[in-house]
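Two complexes are shown next, each including chain A; its partner changes from chain B in the first to chain C in the second.
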Partner chain A sequence: MAPQEMDVQRALELLHMSVFSQSVSPCGKYLAAGNSYGEIGIFSLSAALSAEAKEESKKPVVCFTAHDGPVYALTSTDRQLLSASDGELKAWNWAEIVKKGCKEAWSRRPPYRSSLEVPEINSLQLNLKDNSLLLAGGDCTVHAMDLETGVFTHALRGHTDYIHCLALRDQFHECLSGSEDGSVRHWDLRTGGQVQAIEVHKYEECSRPQYGKWIRCLATDSDWMVCGGGPALTLWHLRSVTPTTVFPLAPAQHHAMFYQDLILCAGQGPTIYHLQLSGDIRARIPCSPPALHSLCLNQRSPEHKVLTAAGSSHKIDVFTNFGYRAFSLAFA
Partner chain B sequence: MTAVSTRVCYTLQPLPVGAVAGTQMSSDSSKKRKPKVIRTDGAAPDGKRSKADAEQDVKYYSEETEVDLRDPGKDYELYKQTCEELQRLMAEIQDLKSKGSKDSAAEIEERRIQSCVHFMTLKKLNRLAHIRLKKGRDQTHEAKQKVDAYHLQLQNLLYEVMHLQKEITKCLEFKSKHEEIELVSVEEFYKEAPPEISKPDITLSDPHHQTLARLDWELEQRKRLAEKYKECLTSKEKILKEIEVKKEYLSSLQPRLNSIMQASLPVQEYLFMPFDQAHKQYETARHLPPPLYVLFVQANAYGQACDKKLSVAIEGSVEEAKALYKPPEDSQDDESDSDAEEEQTTKRRRPTLGVQLDDKRKEMLKRHPLSVTVDLKCKDESVLHLTFYYLMNLNVMTVKTKVTTAVEMTTPISAGDLLSPDSLLNCLYPGDHGKKTPNPANQFQFDKVGILTLNDYVTELGHPYVWVQKLGGLHFPKDQPQHTVTADNSLSASHMEMTMKLLRTRLQSRLALHKQFASLEHGIVPVSSECQQLFPAKVVSRLVKWTAITYEDYLELSYTKDIVEAGLAEDTHLYYMALIERGTAKLQAAVVLNPGYSSMPPVFSLCLTWKGERTNNNDDNIRAMESEVSVFYKELSGPKPGYQLLTNQLQRLCVILDVYLETESHDNSVEGPKEFPQEKMCLRLVRGPSRMKPFKFNHPQGFFSHR
Partner chain C sequence: MAVVDLQDEVIRKRLLIDGDGAGDDRRINLLVKSFLKWGHGASHEEGYTQYQRMLSTLSQCEFSMGKTLLVYDMNLKEMENYEKIYKDIENSIAAAHEKIAECKKQILQAKRIRKNRQEYDALAKVIQHHPDRHETLKQLEALGKELQHLSHIKENVEDKLELRRKQFHVLLSTIHELQQTLENDEKLSEAEESQETQMETETKP
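Moving on to the complex of A and B:
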């Protein structure tokens, strides 16, 4: 009776699982994915991509419970995997994870003011220039942490609602944050001050009041920025602070990234869009989850260069050729 | 005489002419001619005239011998010459005649004479040829006869040879009976046999005599053994007689004992010791088929030892059972009889093949006349009646169920299937649907009589659940299609406790559901006081409809696809549709009720109709609501054993629908007030990347937070 019960329980969990975050190991052979039950699954890309890949090799090599809450963000340094959940940042040594031992290396809690509710960490951003980590989430603040010492150096305050996403302009020592309050704020990391705030929902071109004003995704490339969410996905020129292109995508977008001369983005609906900077939709790539939360491009290992897409499903779609779904990794 | 001589002369005369014509052959032909002439001459003294009448025999004879002397080749030459001569003469005669001169008459005459002579020669030759032919024929015939005779002789000889050979092989192949007799070995023979039989001086050197001697010894021994056998038989008979006498004594004892028992009955009653009743039941139990007997014994034992609310009884006609089992050979006879009968019936009733097949089917599906009933009582006095049958020819057990409740209950429409005997015990153990026969051998039997599956007969016969077989101690391994199945007590015992507990849980959970459904149909979600803390005091959304739907209907719903694909919806499960409303928002919830409720949670699929249709496919929050009821169901189980799970799930669904509607962000561009003002206390309206709403209720403080 008990195993059967467990099976049904797990089947239900899988059915309602969401995968919020992904990160590729420094060697580029493994993909870590964090789901809504606080589990991190490590998938072997090299095994799944090899010619003799079986159904088994598309299941996680290791799967461990990292947090009590959902794993909202993952990132990898050259040694460690950093995972963030409700008010908590944990580090795991890649070398140990791969060898199937998964003890946390360290954990930190950003200094929070309120105690009634533990704010979540929605985004992690690694700043390699000064070996620091930016994290932001429920407390409307961007925290900067020195990875060497583990000390929280800055707290960038200004948002009035929780922060969804971060983007780094490391050549300018600046960072961008997108928030539920509908603004994208631009911070100077050296001084810790706000450079400017763009209230996206106030621009008529991209505002969509029926969806809300929240900014869910943000990506930047030199002077350009793309952001979306409640408002339509829009390409901005940062120096002049003007929306240059509004992309004609009806559903709210959850993740956007620059790739060569294209923008890849995904959101509500089982589709990944390839957009041209001019505003044309170059391709609509179908995928399996009904909504996508994260895209991850593996650039650390040329032979395993794939795009993975995760969302409201226990499946993670893998695109070897960006034009179509090759197969899906899946939690088990 | 002169005429003759002239004729001879004539015959002689032309010869040189012929010789001239015949060129080289002349000398030969002349030589030949000579003997003939001489012979004619030789015959001549008797006179040519005499030849015509008196001397014919001699002439014939001489001609016969002459044939041998003459060379046929030369005769042929002569014949040719004669013919030429004749031709020439004829031509001359014709010439003369055509000339028509008078003197030619004589010449013609002369030539005629000559040709006459030639004719004679021809005749002679002809005769000779005939004689030769005849002679040749005779010779051939004679030779042929000889050959035939020889051939016949040869055949006879061959046949004789063959016969002899056959005889020889027969002799060679002859097997003496003694070869089949297993004799003692030679060494043993010499060791044991007395010397007057073994005669070692002769037999050691002569194998033939040795064998004879060994056979003698064998005979001797067998005689001895036969005597012993007879002795044993007589002693056996003696013992049998003794037994008979003792049996008689015992049977005379029975009535006496009975009378004593009868007399003791009032005493038993008085002392509350129902020995007799139990004894009677055991008596009947003896006539149970082995699996039912095992079940009876084990259930009884379990009932006495662990479960006082379990009662076991035997039903059915003992007489029939006795008739069925009287002498053990009877069953075999029965089979052969029925076979014979079947044969007869096939002969008699060929046209009504269907009827005959039907009879065969009935015969195959026959139940043992006795059945075991097990009554499980629950705390609230409702009873689960289980009647176990044994299908004799299929060697499987089936069970029929019935529920009697303590209080008369009005049956809600949607609860139709809850207590129906068909589905009540479905999947008591995972995957045990009770529709297929658990005995793999049955499939072959079915094929013979054209039964596709047992499923068609299940309502009539009862369900052949696997656990029923186990209670009866029948174990059917999957990999072995045919094997002997014996009723095993230990198997039954090991499953008894677990199964009885499961049965009781199943009944109670079904009864609980039954009650809950009655109020659900009236739109009331019953929440017990223990579970009150799980929900806020004010819940605006209301359950307006609760109906049972069919599996097919469930499959057709657009938003249940994921559940079906995940294998969580099977046709043995029960399906319901709930409709929860608040204002203009209508939430449809398709519910899969696993037969293993409540240890298996009901699974919900939601579809919210409010400003468009929202399902888990296009709204992550709907997905979260589903997981709130389906995945985090453990906190909703309520007091053990969790029979309030379903109602609590529905209540939570109402609560989170409130939360969903109240926290939905308001589009400021649209005129008018919000349809659902926010009344619930929430720490944050949305949280995390997927912008979840706060569905988790925190009890004492009464606010909603995120999970």
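Moving on to the complex of A and C:
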């Protein structure tokens, strides 16, 4: 193909690109972002944040095609980047990832019931306590895989529709999963059984039947859980299973996280909301993508502590002071 | 070569130091020239005036030298002063950095406290929706008492009903018995009558 055609093709691709997932390297200097074309782009945060940053430092250091399908979930261990897509999980070594032509360290497929369907893996959660990885996705089960041996230990079944998100409560060896069927299920990781199922859409304070009952985002913080999606974003007290605060946000939220005394969440609008546990909206920060899919906070390196937000755009916004957008990284 | 360079340096330095420096040099040269002239001089009065003039130029030179020495001292003292100020500023910068770190820690602590308070408030709100435990207990007690009372009444009413039923039963059974006896009596009397008429018809013919 002639170079101009490739440029036009790439420009079209950039126009329609969505970034679904992000993960920070263990040293805190690089950000990996996975997009809808199966590519993973590695951005250098230290270069982009330094005083002499130019336009070039906001482009990926390296960008390679990791999967055939979109990269839905990314997470990092001490030495590897794990990426999940349609039915497969691949691991890449961070040490070699910055060089061109990186090959995956290993690749696994969780055991699916039927070999015909290839369900996507929507969410990955790393459980450092017993060095295992939880994956969940289109086959409505949560799989637990031991990272040392690669053996799939548990398969937690119970959901009736595909799972959007996972959250971990490691002090209790439990995990939570939110799904399209509107329930948040609580699993005990030691026994592999279900502790309880919370049907969020049945509680009238938070249910919004006009949007549906799907639960897209989950976050936990010891006894508290925040979940949202079709129903409004609500703060739950897990011990008593009561919805304590319903946040008055109109758009559906795609990602929520606890940060210090705030809850940060982002969803279908081009804004990041800073919410307080009492229900007040402390701030609405505008960002460039029209809808946001993923928020990532770099806690691993204190001098590069930034919040990055990515969504339905080829740009990834970087917030140094969480109150305003500093600049954007972009796929090229 | 080195001598020429040195001379260049000297000339450069001399050209740089303008004002009094060049004037002083000229003055010293003039003094030397006038001294030599005075040495070779003839008349007495001229020699005296020349001598006076030389003394004045000499005192001027000494004066300017004294001035430069004082300026040099002043510069040294200024340097010391600036050094001191520089050290003070550095210390206060370090202290400010420490204070900033302390304040950051305090902010984190305060945020944690605020978070705990808000969690407490959220739970308290939920709990407030539910009625007070004492009240519910009291209500439960009152309801229990009512229940007891009502069941007591129900028992009484049932007992009464039973009694009345039994009495009615007794009454009805006595009535039936009476009816029976009356019927029996009637039958007996009818039978007796028919016997009597039979006997009458038998005796008559």
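In this section, the second predicted complex is superposed on the first by the 328 of 332 C-alpha atoms of A that agree within 3 Å, B and C clash if a C-alpha of one lies under 4 Å from a C-alpha of the other, contacts with A are read in each partner's own complex, and residues count from 1 in each chain.
Note that contacts are C-beta pairs under 8 Å (C-beta built on N, C-alpha and C of every residue); 3 or more make two chains touch, one makes a residue touch a chain.
All values derive from a computational prediction rather than experimental measurement.
Participant: Based on the superposition on chain A, does the combination of chain B and chain C result in a clash or a fit?
Facilitator: Verdict on chain A: chain B and chain C fit.
Participant: Considering only the touch criterion stated at the top, classify A:16 as touching first (chain B), second (chain C), both, or neither.
Facilitator: first
Participant: In the superposed arrangement, which partner chain does A:216 touch: chain B (first), chain C (second), both, or neither?
Facilitator: first
Participant: Chain A residues in contact: does chain B have more, or chain C?
Facilitator: Touching more residues of chain A than the other partner does is B.
Participant: Just chain B (first), just chain C (second), both, or neither: which does A:35 touch?
Facilitator: It touches nothing on chain B or chain C.
Participant: In the overlaid three-chain picture, which partner chain does A:276 touch, first (chain B) or second (chain C), both, or neither?
Facilitator: The second partner, chain C, only.
Participant: Taking the C-alpha centre of chain A as the vertex, compute the angle to the C-alpha centres of chain B and chain C, in steps of 10 degrees.
Facilitator: About 90 degrees between chain B and chain C, seen from chain A.
Participant: Check whether A:180 is in contact with chain B, with chain C, with both or with neither, and answer first, second, both or neither.
Facilitator: It touches chain B, and chain C stays clear.
Participant: Which partner does A:4 contact after superposing on A: first (chain B), second (chain C), both, neither?
Facilitator: first
Participant: With the superposition applied, I'd like the minimum CA-CA separation between chain B and chain C in Å.
Facilitator: 27
Participant: Across the two complexes, find the residues of chain A that touch chain B and also touch chain C.
Facilitator: Common to the two interfaces on chain A: nothing.
Participant: Under the stated contact criterion, what part of chain A meets chain B in this complex?
Facilitator: 1, 4-5, 8-9, 11-16, 18, 20, 69-70, 72, 116-117, 120, 122, 138, 162, 164, 180, 209-210, 212, 214, 216, 254, 268-269, 290-291, 293, 312
Participant: Show me the residue ranges of chain A that touch chain C in the complex, using the header's touch definition.
Facilitator: Going by the criterion above, the answer is residues 224, 235, 237, 240, 242, 244-245, 260-261, 276-279.
Participant: Looking at the complex, which residues from chain B come into contact with chain A?
Facilitator: Listed in rising order, the residues of chain B that touch chain A are 429-430, 562-563, 566-568, 594, 596, 599-601, 603, 616-618, 620, 623-624, 626-627, 630-631, 665, 667-669, 683-684, 686-691, 705, 707.
Participant: Which bits of chain C are touching chain A when the two form their complex?
Facilitator: For chain C paired with chain A, touching residues are 108, 111-112, 114-115, 118-119, 121-123, 125-126.
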